[in-house]
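Both complexes shown next keep subunit A, but they swap its partner, so subunit B is in the first and subunit C is in the second.
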Partner chain A sequence: MASHTANSTESDTRTVVFRIWRGDVNGGQFVVYPVEVTQGMVVLDCVHKIQAEQAQDLACRWNCKAGKCGSCSAEINGKPSLMCMTRMDMMPVGEEIMVEPMQAFPIIRDLVTDVSWNFEVKKKIKPFKPRKPDNADGSWTVYQADVERAQEFRKCIECFLCQDVCHVLRDHHKHDEFIGPRSMVFTAALEMNPLDTEDRLADLKNRDGIGYCNITKCCTKVCPEHIAITDNAIIPLKERVVDEFYDPITRLFRMFRPKS
Partner chain B sequence: MSRPNISLPQVRGFLETKRRDRWWIQPLVVLAGFLTFVIYSTWAAFQGANYFTGGPSQLGVQQLLSPFYSPVIWDAAGVESGHAWMGPQPLWWPAWMIFSPALLILPFPGLFRFTCYYYRGAYYKAFWGDPVSCSVGEPKFRGDNYRGEQKFPLVLQNVHRYALYIAILFIFLLGWDAFCSYWNLGADGKHHFGVSVGTLVLTMNVVLLGGYTFGCHCWRHLVGGKHDCMSCSKVRQTAYSRVSWLNERHMLFAWMSLFWVGFSDVYVRLCASGVWTDWRILG
Partner chain C sequence: MSALDKYIVTEHDVLIIGAGGAGLRAAVESSAHGVRTAVICKSLLGKAHTVMAEGGMAAAMGNVDDRDSWEVHFADTMRGGGYLNNPVMAEHHAREAPSRVRELESWGAVFDRTKDGKILQRNFGGHRYPRLAHVGDRTGLEMLRTLQDHGIHQGLDIYMEMTVAALLTSGGRVVGAYGYDRERGRMRVWRAGAVVLATGGIGKAFRITSNSWEYTGDGQALAYEVGAELQDMEFVQFHPTGMVWPPSVRGILVTEGVRGEGGVLRNSEGRRFMFDDIPELYRNQVAKDEDEGWRYVTGDKHAQRPPELLTRDHIARCINREIKAGRGSPHGGVFLDIGWIKERMPNASEHIKKKLPSMYHQFKELAGVDITAEAMEVGPTTHYVMGGIRVDGNTQMCNIPGLFAAGEVAAGLHGSNRLGGNSLSDLLVFGQRAGEHAAKFAKSNPAADVDVAQLERETARALEPFDRPNGENPYSIQHDLQNVMQDLVGIVRTQSEMEQALDRIGGLNARSEKTGVVGHREFNPGWHTAIDLRNLLTVAEAVTRAALDRKESRGAQFRDDFPTKSDECSTFNTVISKGGDGAMKLERRPISKMRPELTAIIEKNK
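== the complex of A and B ==
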């Protein structure tokens, strides 16, 4: 999504108009707040400034302000983003900035949504089930080449921006049939772990609804950790599901393969 | 997995969004690009003529064969390309059924592209608005009946790996055509080496199609991605790493190869119809 860069110096300050969604489950509206912005500020700074100076009751979830806790997810000018990682000098100059809560989840109040559904989904994914230890001391021998793929997925900070932007959840509200990109990433980290012996493919196909993903790559575009969610997690899982359920030749080979 | 009993916020109308960037450019470019290719390739496939240069009918000319027509199973009626595997159009071909050598070929690479993971994402957006773009409202006529690729008919996209097997075969066939294009049939009945712009065009076509085909997500899965243990085989590890490099550029190769395969046909067609002369560089 394009943006313009404002040239500014140390002493530069400017007034930026924020439109922030205020409300709760019963409804709400955008409220206008003018904010004095100085160099180096991010959107979360501005929200804090509004809290301090104009609206002490403005609800906003945040924690680290360093893009690592995944708490301050919101939609800024229509784009699911972390408020703490959205720099003001990257925002369009002279335009209002619209901040609203994530739309794939139920609203609690103002910018805070109820993301507990994601944790409920996570609990239902079969947990890590390691093979027998390789060594007498109960440890395993694992090579870097084998864990590299899963390590990418471990970068996830659970900001749920990918869940928010996914149209299957956001527009079609398939929360009961589709676990969403974040949970796919979590499943991929387990499925591709060389120590893991659990089989989650039937769940992926039936309960988790991997087929609902139609590869828009929106999840990849909004990921603040730059995880290639679609290419490295969802599509490889789709291919494993094809191996298991849709490819007759692979199934035929499997019938004659010696059991390990 | 039921969600808490609190209603979700806004449900947007078609094309409704708070985005302020030019989000519509990408789906529009994809729509225009795909439509242009589909219209041109359909027209070219139905021509049944001007799909080659050289051969017995044009001595001393580099043997260029349009990739839309390769391999030539049967030549079109009254045409002798020198590339046909089984001679001219068979007599038993029903008169009411239009015949063109390309019509027997194009469905296969077409199926590969149609079921390709990159193209799926792109045309779902550009043609079906599902969604038009990220965080942009979808058409509401579909109602709550979103099925994605979970159910029929789009579950059939899982046939992609079989389309890949055929596409790989095509890479070798087109590679052979590119190799043959460097040889022209002289009046002495012997083949002579030569390099022309056309030979380079066909060679580049194979390179770009190869980059696209071997960067396929299915191929990446088959060469190693399906295994959890990469270190168990050096060959697997290397193959997976190389294919992953191509896979990261899959969209780039998808577009470049699409453009170039169309351009290759245009080039051969112009040369074959006499509008353009294939410029000889060497030989």
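== the complex of A and C ==
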């Protein structure tokens, strides 16, 4: 039997000072809340504790408390993070913890932002269009090795932390011209699905602004699902766009052998 | 100025409340029938509970073991449910699940594959053959995302972050719903010809649960208020394996997939205690030793399952027994060990990370435990409610014309205990059926006028807590209720404790009339909690009353004072409705008759 290393049974309690941004479209400020923290707590637990004991109306989103739904995104000490996966014992001892809403989206209230733009962008991306089924029962024959790449991208929990950190959106506000890393991952999942027959390369180049990405990899660093956003999704998509539009040989070749 | 001016009013043919697997599948179907379809959900789109499902969806496709068939799936489901299931639903479910799963693939789901390129299926408790189509241990995410991404191109009207607080009825049928948007707190009315409830479960009534804040029994309670019947509410599933440490993650689910991949349960003495107690009903289907168990999980068709893959109710009770007997783990659970498989296979560590990536991640990040090397500590957690709105097994309509229910909020398919993986397939099969029949109903029943007086009453009720800034804290009432249910109506139940619980719920009901909230109506979780509380109290009372009335132990219900099954109790379903005097009324309704062919299938598979 594998041995179990219990961290510690007794729970050592300490007081941590939180500075949480409170406000709405009309502005706001950081409010200080001291919280009794016990072992194993995550930032979201502390926010809930504040809600239950000190500020009933403190707004935040959450659902699963286990890093699976991507609801509890916020910036903790300046870093875009999931509140439910940020453990208090990983935070510097003795320092205040600052929690604020994502900066790349309009504020609604406190830690809640208006992320509807992401949903609108997704709607514009051409949907999945499978080839005809391979088998009479309507199924396809596809091997594990062929779906692995798409599966990596489909792990995305739509936390939008990558969108939040990307300078093209965060600092340059190119929301109308650039769909952001999450939507690149979404497009890549479709493009690299072995059953899909749709072509999204022209859209990527013209409408979705793939050229804006200058491969800083900030998005990859914050992705809680550890998706290699830049290396596995964006760069290959960029290459496909280049092959399609700038490489005359590939283009000729494609004219005679359309995408299967 | 019309009386409706203070509300934002929209009109639809079919209104679907809930955007989990059941709600979205219903929406896709309804809109395919050419009617105007709207979906409402409390969270953002794509965040519903379904997203958290891990292990897989059950469908007898026979991709891994071709001896599987809908008949065996049907028999497994009925056996698991202690034969209180609605056989009509169990038959539809077993027959239709394979096509529903394949359909998901055609909408873009990317399942794990078998060596010969088919959808891979894994073992799960109570299923005779490997039956769960899956994607690692994030199957729910795959399912919900697929439905969401498909659904947004079907012309649905989607209302995110809005909560329905009442159903509207007129002339004996449902005519819409009333609620508010969480963002601004504006009051809304959705008028509709038919309404589908797909609001999920009630787990927030208990302290230790795998469920999120959304699971406050809204659908069950709202339907009850307008006269719908609730069935089998005593059957609440305690999943045997939730995290127990650290305290803040207590209750978070550890998928059964861990055991499906070969994980074993041990007590503090290192003993695989599940071998010590095999129920009669499963005697012929359990491995005789560890070796045979391992052969089963690795695909040997002649081997029987390890006892860790028995039904959830049984395992939860065995774990409870070990803990009570002082053979538990340091933090009050038992050990679940998957790392041991390295004795049996090369690259075990990689295999575990590949098959159970989110479990690996969850333990590593939340508990600091590397599951490829160390055992997990696990214990029972409130997980699922088998009971819910009583519906017609073909159409999913309840006793209120135009009101449909599908998914966890509906009762019938699972009887007294649900098999793992049978929920995700339930959502697809009955989401589809509810969507189809709601659309048909709406075609012949256009939206009708709503009763303005009812709206005024609801609004007054919803806003009351703002007049009492120093009133009762809704969070603390919720907290107290969770303790009552956990401690007095939990895994092991007795008459005296449940009577005490009813008493306490009465007291909490009174307190809930005096809740106070501070702040304003914009995204105010305190206010939202106060509104949801009413529903939570209703379902908690229903669970307790039904559990008290069923004087036996069956499926998920274990009564210390009646520790065995009773023949008398095998003849009825418990049905709860609102009596004319406003009090809760309980009836014993004879179980549904079964066609002789189905009885024969059950006999054959015994």
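What we mean here is this: the second predicted complex is superposed on the first by the 240 of 260 C-alpha atoms of A that agree within 3 Å, B and C clash if a C-alpha of one lies under 4 Å from a C-alpha of the other, contacts with A are read in each partner's own complex, and residues count from 1 in each chain.
Here is the rule we use: a contact is a pair of C-beta atoms (placed from the backbone, for glycine too) under 8 Å apart; a residue touches a chain by one contact, two chains touch by 3 or more.
Computed from a prediction, not measured in an experiment: that's the story for all the values here.
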### Query
Given the touch rule stated above, what does A:Lys79 touch, subunit B (first), subunit C (second), both, or neither?
first
### Message
Contact-wise, after the overlay, does A:Ala52 reach subunit B, subunit C, both or neither (first, second, both, neither)?
### Response
second
### Query
Is A:Cys218 contacted by the first partner subunit B, the second partner subunit C, both or neither?
first
#### Entry: Which of subunit B and subunit C A:Lys65 touches, first, second, both or neither
second
#### Entry: Which superposed partner A:Arg131 touches (first subunit B, second subunit C, both, neither)
neither
### Query
Of the residues on subunit A, which ones does subunit B touch that subunit C also touches?
1-3, 116, 143, 193, 196
### Query
Tell me, which parts of subunit A touch subunit C in their complex?
1-7, 9, 11, 24, 38-42, 45, 51-52, 56-71, 85, 87, 108-110, 112, 115-116, 119, 122-123, 127-128, 130, 133, 137-144, 147, 150-151, 154-155, 157-158, 189-190, 193, 196
### Message
Show me the residue ranges of subunit C that touch subunit A in the complex, using the header's touch definition.
### Response
43-49, 51-52, 99, 102-103, 105-108, 110-113, 116-120, 135-136, 138, 141-142, 145, 149-150, 152-153, 160, 183, 212-214, 245-249, 252-253, 266, 270, 329-331, 335, 337, 339-340, 357-358, 361-362, 365-369, 373-375, 377, 473-476, 479, 517-520, 522-527
### Task
Please name which positions on subunit A make contact with subunit B in the complex.
1-3, 25, 75, 77-80, 92, 95, 98, 100-101, 103-107, 114, 116-117, 120-121, 124, 143, 145-146, 148, 165, 167-168, 170-177, 179, 191-194, 196, 209-218, 221-222, 228, 230-231, 235-236, 238-240, 242-243, 246-247
### Task
Under the touch definition given earlier, write down the residues of subunit B that touch subunit A in their complex.
1-4, 6-12, 17-23, 117-118, 120-121, 124-125, 130-131, 134-135, 137-138, 144, 146-151, 154-155, 158, 161, 217-218, 220-221, 225-226, 228-231, 237, 247-248, 250
